Amino acid sequence: PGQPALAAKKESFRVAWSIYVGWMPWAYAAEKGIVDKWAKKYGIEIEVVQINDYIESINQYTAGAFDGCVMTNMDALSIPAGGGLDSTALILGDFSNGNDGLVVKGDLGIADLTGKNVNLVELSVSHYLLARALDSAGIAERDLTVVNTSDADMVAAFKTAEVEAVVTWNPLLSEIAAEPGAKVLYTSEDIPGEIIDMMVVNTETLADNPDFGKALVGAWYETMSIMMKDDAEGKAARSFMGEKSGTDLAGYDAQLATTKMFYEPAEAVDFAKSEKLAETMDVVRNFLFDHGILGEGAPSPDYVGMTFPGGGTLGDSGNTKLRFDVDYMGMAAAGAL
Amino acid sequence: MGRLINRRPGRAGQVLLGALPFILLAAAYLMASDARLAVNPNDKLLPSVQSFVDAINRLAFQPDPRKGTYILWDDTLASLLRLGIGLSVATGFGLVAGVAIGLLPLARSAFAPVVAVLSMVPPLAILPILFIVFGLGEVAKVMLIVIGVTPFMVRDLSMSVATLPREQLVKAQTLGASTWQIVTRVVLPQTLPRLVSALRLSLGPAWLFLISSEAIAATEGLGYRIFLVRRYLAMDVILPYVAWITLLAFMIDWALRHLSDRAFDWQPGERGL
Amino acid sequence: MSLISVRNLSVRYGDFTVLERVNLEVAQQEFCSIVGASGCGKSTFLRLLLSEEQPSGGEIRIDGAPIAKEPQADRGVVFQRYSVFPHLSVIENVILPMELEASAFCGRFFGARRRRAKEEAAHLLERVGLSHVRDAYPKTLSGGMQQRLAIAQALIPKPKVLLLDEPFGALDPGTRQTMHEIILSLWEEEKMTIFMVTHDLKEGFKLGTRLLVFDKLRWDPQAPEAYGATITYDLPIDRRDVLPPELEAKAEALNKEPSRNEGPLNALP
Amino acid sequence: MGRLINRRPGRAGQVLLGALPFILLAAAYLMASDARLAVNPNDKLLPSVQSFVDAINRLAFQPDPRKGTYILWDDTLASLLRLGIGLSVATGFGLVAGVAIGLLPLARSAFAPVVAVLSMVPPLAILPILFIVFGLGEVAKVMLIVIGVTPFMVRDLSMSVATLPREQLVKAQTLGASTWQIVTRVVLPQTLPRLVSALRLSLGPAWLFLISSEAIAATEGLGYRIFLVRRYLAMDVILPYVAWITLLAFMIDWALRHLSDRAFDWQPGERGL
Amino acid sequence: MSLISVRNLSVRYGDFTVLERVNLEVAQQEFCSIVGASGCGKSTFLRLLLSEEQPSGGEIRIDGAPIAKEPQADRGVVFQRYSVFPHLSVIENVILPMELEASAFCGRFFGARRRRAKEEAAHLLERVGLSHVRDAYPKTLSGGMQQRLAIAQALIPKPKVLLLDEPFGALDPGTRQTMHEIILSLWEEEKMTIFMVTHDLKEGFKLGTRLLVFDKLRWDPQAPEAYGATITYDLPIDRRDVLPPELEAKAEALNKEPSRNEGPLNALP
């Protein structure tokens, strides 16, 4: 640690994950030896590290302490890619299908939020979701006040009298939605496929060490095949993941219900190849640019370049920093790992 | 007896008086909890005593089904280890630097300004850098405690060293003491009681830093558990954990105070604080 | 040749002149008794001899060389205020100087060596009458006991020059007698040079070979802080136990000399 | 000059020595930053001096395009206000409770245990309860500072009151002083210097709690900005903010120290710490 | 009737007996000089009279009633160690008792009242020779000056009983003379009852109407801590300035009496 991961042939790799419904399989894969098994198969070592603070894990990855890290498509664009680290979205694990939502107290509509406070983690996917919700109702963000509120305190914050509306994600969302008088106004179900949970790796490292990518993808889809099953093994896996994230099987299954998992690699490949992905990323980058998150040096949303599996690109192709890649998932789909 | 400053409670009165605030606090909690539960029986914010008992029983006396170990004790062990190492390092460093800065004009000129400045840097704001420098493992957690606590120790000890009567230093020199001997035989022994006080005053902040660091990168520890269940607002776990942390810290504090009263019985003045 | 020579010494604190134009030559093994009004600068003078403070003007030479800039083991001291180490027991206070001398690194004796040192120290404690409290901490000692302890401690390193600031003021006549004998025998054995501030003229005459009187030569009632004190009398006293008649008269005179500070004896508020 | 304890640097030497550690720290930063930027010119972790200058210029001297105000000054004002109120309340309460506990045996019996216990409760772990009691607004932020800092103040001051020589209290009583008079004329004035020291030692923790509270729910403030831009690792903003916080805290500390040295010139002993 | 009566008083610290079987009757306006070996318990006795400490046995009555359980303004004190308030300047130290008495709530004078008090205090400062340092803080005063300040401060409330612990030990003869006169004039004016510990027998005889000698009656060399001191002599002294011949002889005897603590005069280590 301490030095950026220099691209070269390596034997051992570190990836970071944090607690979230779509990333809990990494806990299972790491603890049950699935990752080790696949790493051994390719003659490498992979250390899977749990970081509780999501942003800190991305920061550490961006600073070079890890070769890979889980994050959303939006954060992948803003932090590592915006920070000049060429990154590849290796695995598209799922997209949020109701896992993020806007909740209000009482009988309000989106348009009624005008002039009110909305508590959310600023510059996060919640903020993005709010922006999309406001678009749908035709009002602008400047018509209301966004209060930056730490995710850990969101549930408690909603219980105080002065908070009227929050945007947050699961499991906080279901806790808040269960409050008496809470009303869910808008969720990621309304913008399917726009909030994507991915495993992002260092592009150079991946290019120099394809085995690293293969091992990760192999381990991931083996885990998927276990957890998707409804038999004892699948339940055991899911209850493991539930407990690891502080709840139980039922709680975890409830969270999975609002998550569109790509259990089969082919699903993920199809999703990545669709036109929709580039459209989504275009909306995302404009959102980021509007909020100054692409870096103050960014003269336009085109500043950071992206590539898509179909050969499509967005932004400055001389500064391509985020690559959506389906080669490895494709190998998994083809059973070639 | 007239004046308030001379009125001392008896042994029993002392215990009673000391217990009173705790009883009042407990009563206030129970009333608030009852009131909330009456409105919403599922309220998680101020759980009933029964929920606490259940949670404690589950965490402390039932083996974790996955690992077969007892969660509370695992967490406690992990946290205490980090705390112990962090505080030892901070204390050792604080003692050395505090004595140097308090006693030696050269060291004071060189380091007092930088310590005064560094003590004002909020460590939580530069976490990314700290994690890059110290990694994300145990070292980082211990270092966060060290970085958080040491500046206070250094400043407190150097201030207390500087208040040693000059006569003593002069006297020691006339008895032929070198600087090193003055440090070891005159200054250090008289600084130890203040060191213990500083350590006691640092306990609170040290736990704070421990919890913060465990909330960022850990897979066990008291702070980790609180962080983990906080997203479900599981106050039935959080509050016993907080109480347990408080109890642990208080016991350490109590032990240090008694150690100090015993070991440094040359000290004049009142005891028991 | 004189051991200590003081030339044109002066001390000022801000506008406040404490000492000025102090000149003095002291040979080895002289025993100077210093007397003077309260607050006239006697302790300050001793602090200078100790290098605890630097003079505002003039200089002090020891053995012909300028005085060391910091306190040294060659000059021992007993302060006016009790100055024993509160964290050491009585006997530990006494063996401390031995430990400091013999053990440069640890500054501490262990085992047999410590026992030997304690035995040595026990003798001295016996003489100053502190054996029964040898393991007590200073906070439990009476004022006089602390002062005796400070004296015993200062004698251990056998300094060339010994500075005593009202060392016997807090002692009863019997104990004081004993302490006089201890100091005198050590003085003769070790050929020490001693400066002793005292308010007891008889004591000064009895112990000293020389009497130094500090007083202000000039005095401006409008600005009492303008002028400092200096040595106004410097009397040799050769025989010590009985005062020669002319000195007896001098002593009487000094004793009676009205204090500068004396105001009219009007009724109190 | 022989012994180290007597060796004092001259005026110039003092400044030079004091500046040395800062120069070394700055040099270490520049080297590390250069090394990282050589590998990745876009690296955000240790930005170049130029990025700092840009960021400071943008935040402090250019109006924010969205609000039309100057971000840095808005944040500073908001934070200093919270800090000032929080520290005032904590200091006032700490003084009253510290003197009572240190001086009055009854108050000591009743409150010393509860203060010792409460000082060990990690405030950040019971935030949900604090929200319910104090809401999410300015009060909560100020209260977090108060809750975080007061126990230390109380304990430190009560310890220092307890070390006042008994003779003084006895003497005051023989001069006819009542308990109240002893408090106001003997104890309080002699405790003030220690109060200032305690306040100085609390500055670091107070900033920490301020930053934490601004991370919970805020729309402006230095801590808010740091946590906000942490979302995209904008160290070019974070580090100047941290430096600015440090500078502010250091200036407050400096002012307090000089105030104390001036106002309490009856105190014996060394100055300048 | 006697003002103060002490019955069978004893003080023990753990196994260490300091005082035992002390009995005493003192009438109003008596001036008791207390002498005794260093560490024998004189200061302890004063602390008991002050209610600073509680006796291990026996009792003290004032005016027939048991002594108040806490220090009161009726009993003033000058401690052996300087005990002025470090945070108050010289004059503030002196006006403090006036402020405490007159202003129950603030304990402080303002404006004209403060000026008046300061003028009153200035007289006293003049008499004890501290006018030129009236605005200095105690830390800059010499030992004797602090002691004089403590005396002036203790005299202000005009206590019924005044307890003095070696009050003049640190003063030069001239100043001491002045202080004697101040104390005596106040003693007569205010009909105070005074207890004064001193090591200067002549001073004791000169000022006192009665001399109390503290000493151990029993002494076990194997266990020096087993027995405490008590009052072994209780001599009335009616005329003060010149000693009657029989008392002179007594004084000589006391002066010569070997200290209990004196060991064999062997060479020092």
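As written, the chain order gives the labels A, B, C, D and E, with residue 1 at the start of each chain.
Following the convention adopted for this analysis, a residue touches a chain if its C-beta (ideal position, glycine included) is under 8 Å from a C-beta of that chain, and two chains touch if they have at least 3 such contacts.
Note that the structure is a prediction, hence the values are computed from the model and not measured.
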item: Chain located farthest away, centre of chain C as origin (C-alpha); value: A
item: Pair joined by the larger number of C-beta contacts - A-B, A-D; value: A-D
item: Chain whose average C-alpha position is farthest from chain E's own; value: A
item: Centre-to-centre distance between chain C and chain A (centres being mean Cα positions), rounded to whole Å; value: 81
item: Inter-chain centre distance, chain A versus chain D - centres from mean C-alpha coordinates, in Å; value: 38
item: Chain B-chain E separation of Cα centroids, rounded to whole Å; value: 47
item: Whole-Å gap separating chain C and chain E, where each centre is the average of the chain's CA atoms; value: 25
item: Residues within chain B bordering two or more other chains; value: 3, 6, 45, 128, 132, 165-166, 173, 178, 233
item: Contacts with 2+ other chains: residues of chain A; value: 59, 63, 155-156, 159
item: For chain E, residues contacting two or more additional chains; value: 70, 81, 156
item: Contact pairs between chains, per stated definition; value: A-B, A-D, B-C, B-D, B-E, C-D, C-E, D-E
item: In the complex, chain C residues that touch chain E; value: 13, 35-39, 43, 80-82, 120-121, 123-124, 126-133, 140-145, 148, 155-156, 166, 169-178, 181-182, 185-186, 189, 199-201, 224-225, 254-263, 265-269
item: Touching residues (chain side chain A, partner chain D) in the complex; value: 4, 6, 55, 58-59, 62-63, 78-79, 82-85, 119, 121-124, 142, 145-150, 153, 155-157, 159-163, 293, 295-296
item: Contacting residues of chain D [partner chain B, same complex]; value: 3-9, 13-14, 17-18, 20-22, 25, 45-46, 101-106, 108-114, 116-117, 119-126, 128-129, 132, 151-152, 155-156, 158-159, 162-163, 165-166, 169, 173, 178-179, 182, 197, 200-201, 203-205, 207-208, 211-212, 223, 226, 230, 233, 235, 238-239, 241-242, 245-246, 249-250, 253-254, 269-270, 272-273
item: Parts of chain D lying in touch with chain C, wherever the complex brings them together; value: 1-3, 6
item: Residues on chain A engaged by chain B in the complex (per definition of touch); value: 1-2, 19, 49-53, 56, 59-60, 63-65, 151-152, 155-156, 159, 171-172, 175, 180, 240, 243, 245-247, 251
